[in-house]
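As structure tokens, here come the structures.
Note that subunit A is present in both complexes that follow, paired respectively with subunit B and with subunit C.
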Partner chain A sequence: MRLFDHSPRLVRLAAAAVLAAGAAVAAPAQAGGKFIFANSSAYDTLDPHAIFDVGRVASRINLYDGLMRWFDNPPHLEPWLAEKVDISDDGLTYTFTLRDAKFHDGSPVEASDVAYSIDRILEMKKGAYSLFEGTVAPGSTKAPDAKTVVFTLSKPSAIFLATVPEIHVVNEELVRANEADGDLGTAWLSKNDAGSGSFRLTRYDPAIGWQATRFEDHFFGWDMVEDPLDTIEFRTVVEINSRVLGLMNGDFHGTDGYLPQDQVKRLAASENVVVDEQESMRIFYSIIHNGRPPMNDVNFRKALSYSFDYDGFIDNILSGSVARDPVPLPNNMWGAPADVEGYTYDLEKAKEHLAMVKEEVREITLGALAGYGQTEQAAALLQNGLNKIGIESKIVSETWPVASGKMRDEEQMYDPLFLWKSTYYADPNNWLGEMYACEQIGARNNSWYCNEEVDALLSEARTSTDQALRKANYEKANRLLMEDAAGIFVYNTKWFGPFNKDVKGVRFSPIGNGQEMRWVSMD
Partner chain B sequence: MATFRFLLRKLAADRTAALGALIVVLLVAVAIAAPVLSTHPEDVTEFHPPERLLGPSGDHYFGTDRMGSDVYSRILFGARITISIAVIAIGVSVLIGVPVGLVAGYYRNWASDALMRVSDIFLAVPQIVLAIAIAQTLGPSIENVILALSATYWPFWARLVYAETRSALNETYVEASIALGASPWRVMLLHVLPNISSSLIVRTTIGMGGTILTAAVLGFLGLGPPAPSPEWGRTIAESREFLPEAWWYATAPGLAIFLVVMGFNLLGDGLRDILDPRTRRSTDG
Partner chain C sequence: MRALVLTVNRLAWFVPTLLGLLAITFTISHLIPADPIAFIAGDNATAEQIAALKAKFGVDKPIPVQLWNYVLGVAQGDFGVSLYTQRPIVDDLVGRLPATLELAFVSIVASAILGIPLGVLAAVRRNSWLDHALRVFTVSGLAIAAFWLAILFQLLFAMRLGWTPLQGRVDGWGPDVITGFFLIDSAVAGDWGVFRDVVAHMILPAVTLGFPAMATVMRFTRAGVLDAINSNYVDYQLAMGVPHRVVIWRYVLRNALIGTVTQLGLILGNLIANAVVVEAVFDWPGLGLYAVNSILQSDYNAIMGFTLVIGAVFIIANLLVDVTHGLIDPRESH
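Moving on, here comes the complex of A and B:
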């Protein structure tokens, strides 16, 4: 079986189309320019194998390359550093052939660098590690020659290819030369760049952000983009108002696309800013700790689900800028059942279910993320509903580093916790498989939810290559999870990417959130 | 009673101090009568999303907030939180600081040195930084804000009482009572303490203003009582997202903090003028 044996022609075509659209209205531009992106969270490390979140995706996709890459919306997977990939019939062996590419220090990108990179991820046990754990064994990736890298999986995986973009290739020689006390170069790589990506790191300060210049020798070349950017800067600007004002003044050229709707309106009204609206894949929901009383009682979970004012939240607080999504999968992803009704704000039903609860009802703790007003507003709204049916609750608002630590601890996890689940790879497993598979409990399943029927569907879908079967399984799992009220599922996001009016060629993808800067140019 | 009447008369004569006293009395009255004075008392815990971010009107004097609750009513209930934080935190600081200062000031031995060095250590760290560190470590709640403020404020009282005690010990009335065989505790409590009480009262009044400000800062940073508490600092933090459009949302709690802190400071300054003959103004006659 052979897949993806074309060169990235599709990618080029898409880029050309985007460019043409931009060029049609743009006057002849002066070359280059500097793009300043105001980033809401700080880059505390640049090591591409240490972090795996969407808030800090830009360092990974701009400084580094992977064998494959996700593009556009809806996202499609294309060969990137790889020229082609051969998959064996048993679905266990993936053979990638590399293109001619150079690292930023001029040395060639070789198959051994790829093998080193995946082994480094597996040994560091950080970032995207959980994607490969149990599927790729340490040392199992071989480089028979400089251009060929062979992955031999321990068990079949339907999602392996989708996760390959997270194997960011680092320069083995350079990283090894900067190792200290067998730390795999983590200390050095957190502040330096050993990549082959479109941009080369020039400055980094964890408190300020990072800057990079265009890498002329990048394998993809620059002929696709007229007047590509010379310099990019990702600057940490925590305060929303500073980001918005900076964008309106023209000091910043872009910021994240998930601002509060009130600010989006303000930006859209500014003549300096253009807001690009895209359907995204980022669900907002509340994790429920299914393993702890009284939430281990399905009737209590249903009472919670009926006590949240979905319409008030979506239509009023978010001004209708998002779409109701009653299941734990974005409704624009395949595998999401189309006809599910979901829960509504119905206090009578909530009371009925509460009356059936066998566990002792106690005061519950509602978790929210400090600095993310939306999670606090959602928690307050749920508290409002719970008050009316007689469930006591208190809200705890903590920063993301604190909350993400507690999420992994069965004792410390909040009763419910409101947050988002973004796209790391466009496959239903990114949501359902990680959030509700039994084997992910404590790692990415923070609900302590383990239902045999759901788990069987999910693990079959994870290993099967039969698309129809996978789709059917995910649809069924969605229904079961909704029926079980495993979480409070609220909405799927739209992305409102604000950019300076002179910015052209932004390519939005739910995985990179439009932050891959190699396609961008400025008038 | 005579002293109290003297105080009242002096306060009434000093217009700025009288204004300060009026604000403080009003604040306490508002905090006590919040359920009666507020137009939407249920809005402390109840939300109406369709009515969010409405401008000031006859129904909502200071508009509504991000959850559609009445800002005016929430400010009134916020006064309760602010007052209880300030009163308890200052009370604890006084209870720790005054005995420490008295003992360290009265005795001249290694123990008194040790006590003062400990308070020096607390004073060496910027107060707000220490309070943030403590509140962050213990987690956001009213109790922890009180704890953080008390832990950082007591050295100010210890220092003050220590210095005043040292100078009081040179006074003849103290020497006389010691010569008559009074016990150290008797001297400290019956002779020293009453005579340094005026500076203590002034310090405490002005300290209230500072404490309220620090408590608001902690609330602003998310270290105070969690949502949906109507604490003033937290309300300002919440409102930032909606500036400048929803100007009333940040302005109302900001004004409340400003007024209250100014009230305590004016009152404190006025009391100092009245209680300390050295700084008493010539206009007082």
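Moving on, here comes the complex of A and C:
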């Protein structure tokens, strides 16, 4: 089976459309320019295999390339460093053919670099490692020639291609030359660049951020953008107020798109700023510990779900800036059933279900993430609802390192815990498979939820290459999870990307967060 | 002689004090139920992945063993590597410490230069309108939250009036690093354009940080001067015809400054603590933000590293205070 046997025409066509739209409203552009982005997360490392978060995605997608890449919204997967990919009929062998590309030091990107990159990820056990663990064995990726790289999977995986963009290709020779004490070059790569991406690192200071200049020899060329940026700079600015004021003042040209609504309104009112609004793929929900009484009783879980004031939270606290999402999959992801209404704030129904609970009802612990106000507000709102139906609760707000440790411990895990689930790859498995597969209990399944019917659907969808079957399975699994009240599913996030009014050509994708700068130009 | 004995005595306590600080901080940071390895490994990490990383970083061993290994490393100049970046902690500290020290130093010098004369003035004109006005001013300095003041300054001086930069330490990336102190580095390079830019960026954070320090200095100086001004030697000197101004600024102030100088040593500790907030608001790339991030991420080696460095700075500052006492107060030297 051959997929993507073409040059990235779709990428070019889509880029042309986006850029034409930008040009239609833009004044004649000046050549080049410097774009400064105020980032909330600190770039404490630039090693593309050490980190796998949305907050620092810019260093990965601007300095490095992968075989495939996600574009636009809803995200679609396109070949990038790869020219084409052949998949064997048994779904186990993926053969990528590379296009001509150069690393920033001028050496060619070769298949052996790809093989080295995936093996480095597997050996470091950091970043995107978990996406490939159990699917790609160390040393199993081969480079029969300079242009061909062959992945032989340990088991069929329908999501493998969706995770390939996270294999950021590093220059093997350069990294090996900078290894120290068998550290795989991690210390060196944390502050240097060994990529082939659209921009080449010129400065880095972990206390400030990083700066890069346009890589003229990038394989994709620069003819798609009339006046591409000369320099990009991503600076760490922790305080929201400082990011907002800096953008209004013209010191910065962009900042993250998940600001509180009061700040978004402030920015939208500024004559220097335009705010681009798009529905993203980041759900807000509450994990419920299904493995512990009384939450192991579906009626108690339903009582919880009916006790949360969804409309009050979305309309009043969040000013309607998000989209209600009744299932654990983002509304705009395929596999999300369109006809599910989900739970509402209905205390009478909550009481009815509470009355059917067989176990003794005790005080429960509502978890929230310290420093993430929305999680604390949601916990308080749920506590208010629970008070009204006679369930006692206490709120525990802890930092993410504390919470992430407890989430993997059945004894320490909170009863419910409010948090987000972001997009790491655009496939329903990113949410349903990670959150509710039985084999993931204690690892990625922090609900201790195991339903044989749901598990069979997820397992089949994870390995099948039949898209129609996968879609049907995920839709059914969503319905079952909602019926089971496996969690309290609240909303899907909207992205409000604030940019300087002179910035044109931003391409938002939930995976790249609109931070791939090769498409951007400035008046 | 006594000053020398005092100095040697303080230096002898330097290492045990740091060891005590290290043991306490190490124990507290490791008893917090955080799991930095799970955090590093990411949302999707498996239990096996986390266990392998714990073994790799040695955090699967008992806390006393970890502490012993850490102390052995520090004794050899090895502060370990960051759990997150794998970079040596020393590199991170060296990169950030000058920014914080430069800001703290400018703030404390400015607070002393302004606070001491104003304190003398308030004491000399006790109960005048000037004294009352300065008292309101100092109470404000002590009461206003640093982050609130910082934002007000930003809105007024940077956004509305456009007199100062909004944030950052310098436009762009600053001068070539020699000492890490941008004022010094730009002056040494003779790049006065960058020097002026550094000064401009320094004003708002230094004033924010220095305001409560200046208030403290002013209040202690005022109290010290009021205490000294009623002494017999002052009456004697005035009776002998020594001009009032000379009596105040040469004799009274010298006696009054003993309490103020003691306070300056303590103020330095407060300045570094407040720098966390001020650095966050003004996007100042110093140790404060590094410390906060390290604590939030439970990056043990980083927490230990900055604790040791800040502890050492604090101890040295107080040593200098003791030495300065000897210089101001001749009784200390005998």
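Please note the rule applied: the second predicted complex is superposed on the first by the 521 of 523 C-alpha atoms of A that agree within 3 Å, B and C clash if a C-alpha of one lies under 4 Å from a C-alpha of the other, contacts with A are read in each partner's own complex, and residues count from 1 in each chain.
Convention: a contact is a pair of C-beta atoms (placed from the backbone, for glycine too) under 8 Å apart; a residue touches a chain by one contact, two chains touch by 3 or more.
Since this is a predicted model, take the numbers as computed values, not measurements.
In the superposed pair of complexes, A:Y424 makes contact with subunit C only, with no contact to subunit B.
With both structures placed on the common chain, the touch criterion links A:P260 to subunit B but leaves subunit C unconnected. When the two complexes are overlaid on their common chain A, residue A:N241 makes contact with subunit B and with subunit C alike. By the touch criterion defined above, A:G373 reaches subunit B but does not reach subunit C.
Residue contacts after overlaying the shared chain place A:E359 against neither subunit B nor subunit C.
Of the two partners subunit B and subunit C, more residues of subunit A are touched by C. Shared-chain residue A:P206: touches subunit C; no touch with subunit B.
Contacts of A:D90 after superposition on the shared chain: neither subunit B nor subunit C is touched.
Across the superposed pair, subunit B and subunit C both touch subunit A at residues 239, 241, 371, 399. By the touch rule above, subunit A contacts subunit B in their complex via residues 239-241, 260, 262-263, 266, 309, 312-313, 315-317, 368, 370-371, 373, 376-377, 379-381, 383-384, 387, 394-399. Here subunit C touches subunit A in the complex through residues 32-36, 38-47, 49-50, 52-53, 81-82, 84-88, 92, 95-96, 99, 151, 154-155, 158-159, 165-168, 173, 280-283, 285-286, 289-290, 293, 296-298, going by the rule given at the top.
Remark: subunit B residues 45-47, 49-50, 52-53, 66-68, 139-140, 222, 226-228, 238, 240-243, 245-246 touch subunit A in the complex. Residues of subunit A that touch subunit C in their complex: 42, 44-45, 47, 50, 52-53, 125-131, 133, 183, 186-187, 190-191, 203, 205-208, 211, 235-239, 241-242, 245-246, 248-249, 251, 371, 399-402, 404-408, 412, 421-422, 424, 434, 442-444.
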